[in-house]
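Consider the two complexes below, in which chain A is the common component and chain B and chain C are the respective partners.
For the complex of A and B:
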């Protein structure tokens, strides 16, 4: 088990998400950076859907109740286990009583802690992800608090320390500037309801992620983007990644705790292969949208899969070499 | 076709990893025999390798135990893992060896003070390549 000692902000238990309940109005939830959660689980030889802890704010501290392997992926954090510094995207081994302490987050927005095995909270509607809106899943359907005890299923086998190349490096994309993240989007249902100059404004602007942004959605700040005439639609199905334009012309990107329906006009949708990049852009950070086509969006998913396949093969090879010795 | 030195290195690594002591390859007109120094291997632990340097000083050489590219710092960090003159604990990370997508740690076999970091970032290293030199604390001995 794990005991939470220090936590600020909405830290939660997340697996890859809840995918079979959408038609009943239950959102997916799941890790905002699914690539990082998968990578952590691959490092530990877990099922890639094993639940971990999504940590969006520092400081964070926890105590391991028994010997277990763990991994940190996602955002770069200054991490120490029992006083010893560990690099980003790294797996290590804790002894019973060891304290893991995360201090600053110089890069990214969410760090993932996975353990050899899984965070063993009950499965609710097919997933262990915390659903903040519905207040279920995860640990009692709420953010973690100091004193919380998280049960873990973890094998006690000892594995060596090992790191992997962060997805951000392997899957690097051209950057407009150091402080801007480019995400690829496909145009959505109401794109044509904006005139050419407004569409151009949407593409050419740098969009700041406001403090009113979280797992539900990112509220962006930039020039007002408004349709030719006001659009009022009945609520209809939407998915994480959809970029809506509310009446004030300031876009909202629906994220992993998004509602399953909404009525605002949709100008574009962040492709699934880039949603983790948005998830790792911190409050105050900037996003820029790059138009892409459906086929390219599918190809981008194949690139992410190829990265994860290589990780899996590489980690397996290390275990085989270690066994040979 | 002549046998390249790199091929021999590669073969040696395979032997090292698989625990095979020797290999002989004979083809018309040439033969190659590789015999592993098993005494050295017995002395090396699976995850780290250390050896007292010659010439009677007590410094400890930190060696790579896999083949790949050496990284003195994590790509996300400006600061290298260690700098000359700093104290270091046994088991602390001295650098990384990048193999494919993996970052394998090179760890200090003994506590002491970092004397020099021998390997440079981007350098190709192999099993046994010296990475750094450590002046161990008086009275401490390598953990292997």
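For the complex of A and C:
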């Protein structure tokens, strides 16, 4: 087991998400950076959907109740295990009683802790992800608090240290500037309800992520983007990535805890292959949108899959070499 | 035939697609949506078919390479869809109108040029039908609201609205099942339980069920 010692902000247990409960009004939840969670699980030889801990704010400390392997992926953090520094995107081994301490997050917005096996909270409606709005899943349906004890499934055999190249380096895309993340989007139902100049404004602007942003949604700040005439739509299903334009003209990107339906006009949707990039852009950071076609968006997903396939192959190769010795 | 007579189909990135039926926000159209949902949920590659208000979202198990055949199937499916009548159960929901949670009761009255009492009696008069579930766990979108109490959604959504809020958003009304962000106007509240993940079916209500609001109190 794991004991949480220090935690600030909405730290939670997440797996890849809950994908087939929309008809009851239940959204996906799940890791904001699914690529990082998968990579952590691959490093440990776990099922890629194994639950981990999503840590969005520092400092964070926990104590391992017994010997176990663990990995840190996602945002770069200054991490120490039993006083020894560990690099980002790294798997390591803790002894019973060791304290893992995360201090600062120089790059990214969310760090993922995965353990050999999984964080063994109950499966609720097909997933272990925390559903904040419904107050179920994860640990008692709520953010983690100091003193929480998280059960873990039995660790596999002891494995050595190993690192992999972070996804944001391998899957790097051109940047407009150092502090701006470009995400690709496919246009959505109401795109044509904005005139040409307004559409151009949407593409050409740098959008600041306001402090009112969280796992529900990113509220952006920039020039007002308004449709030719006000639009009130009948409520319809939406998914994470959808960019809604409320009447004030300031876009909101729906994130993993988003409502499952809405009625504000939708200008575009962040593609699945880039939603993790938005998830790793911190408050105060800037986003820029780049239009892409549906088929290109599918191809981009294949690139992410190929990256994860390579990780899997490399980890397997390292294990085979170790076994042969 | 004009474009307004045909359904609109649009993409929600690569993970879902939205089908919007032409025509009125009424029960006959919604019954056709329920019928199309039942059909489409069985198609290969479709994870779920989720009815909205006279619209349908399909989520993908795997994103289709080509969308043409899916779009054609939806259009044909809509043309063929006979209304699916669902005989649901009827729920009576006691509502406290106004008060701290139902703060927007007065603003809805002001906007619509009605007294508080008029808004309450107009809201509580119809037998509402659950058209769809969505937004958050257990939330029901209701059909049947009198258009006289229509009020556009908020300019900026609220970060937090109370659980059990009875609200109006545009020409729709509904009851929130838990606290959370909302772009609607709360005019009252109820203490009923709409969702429990441990129930065999986690949501208490399903499309086709009906709700009658009972005026428990009116707080001014």
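Throughout what follows, the second predicted complex is superposed on the first by the 324 of 325 C-alpha atoms of A that agree within 3 Å, B and C clash if a C-alpha of one lies under 4 Å from a C-alpha of the other, contacts with A are read in each partner's own complex, and residues count from 1 in each chain.
Methods note: a residue touches a chain if its C-beta (ideal position, glycine included) is under 8 Å from a C-beta of that chain, and two chains touch if they have at least 3 such contacts.
Remember, predicted model here, so these are calculated numbers, not experimental data.
With chain A as the common reference, chain B sits beside chain C without any clash. Contact with neither chain B nor chain C is seen for A:150 once the two complexes are overlaid on the shared chain.
When both complexes are overlaid on chain A, the residue A:121 reaches neither chain B nor chain C.
Of the two partner chains, chain C is the only one that A:24 touches; chain B does not reach it.
In the superposed pair of complexes, A:107 makes contact with chain B only, with no contact to chain C. When chain A is checked against chain B and against chain C, the one touching more of its residues turns out to be C. When the two complexes are overlaid on their common chain A, residue A:239 makes contact with chain C while staying clear of chain B.
Touch criterion met: A:314 reaches chain B, while chain C stays clear of it.
In the superposition on chain A, contact is made by A:271 with chain C only, not with chain B.
The superposed three-chain arrangement places the nearest Cα atoms of chain B and chain C 27 Å from each other. Per the touch definition, chain C reaches chain A in the complex via residues 8, 10-16, 18, 20, 25, 47-48, 50-57, 59, 63, 65, 67, 132-139, 141, 152-157, 159, 169-172, 177-178, 180-181, 183, 195, 197, 201-203. The part of chain A that touches chain B in the complex is made up of residues 76, 84-85, 87-90, 106-107, 160-166, 169-170, 307, 310-311, 314-315, 318, 321-322, 324-325.
Chain A contributes residues 19-27, 124-125, 131, 133-137, 185-189, 212, 216-217, 230, 232, 234-239, 241-242, 246-248, 252, 259-264, 266, 269-272, 294-295, 297-298, 301 to its touches with chain C in the complex. By the touch rule above, chain B contacts chain A in their complex via residues 17-19, 46-47, 66, 74-77, 89, 91-93, 96, 98-105, 107.
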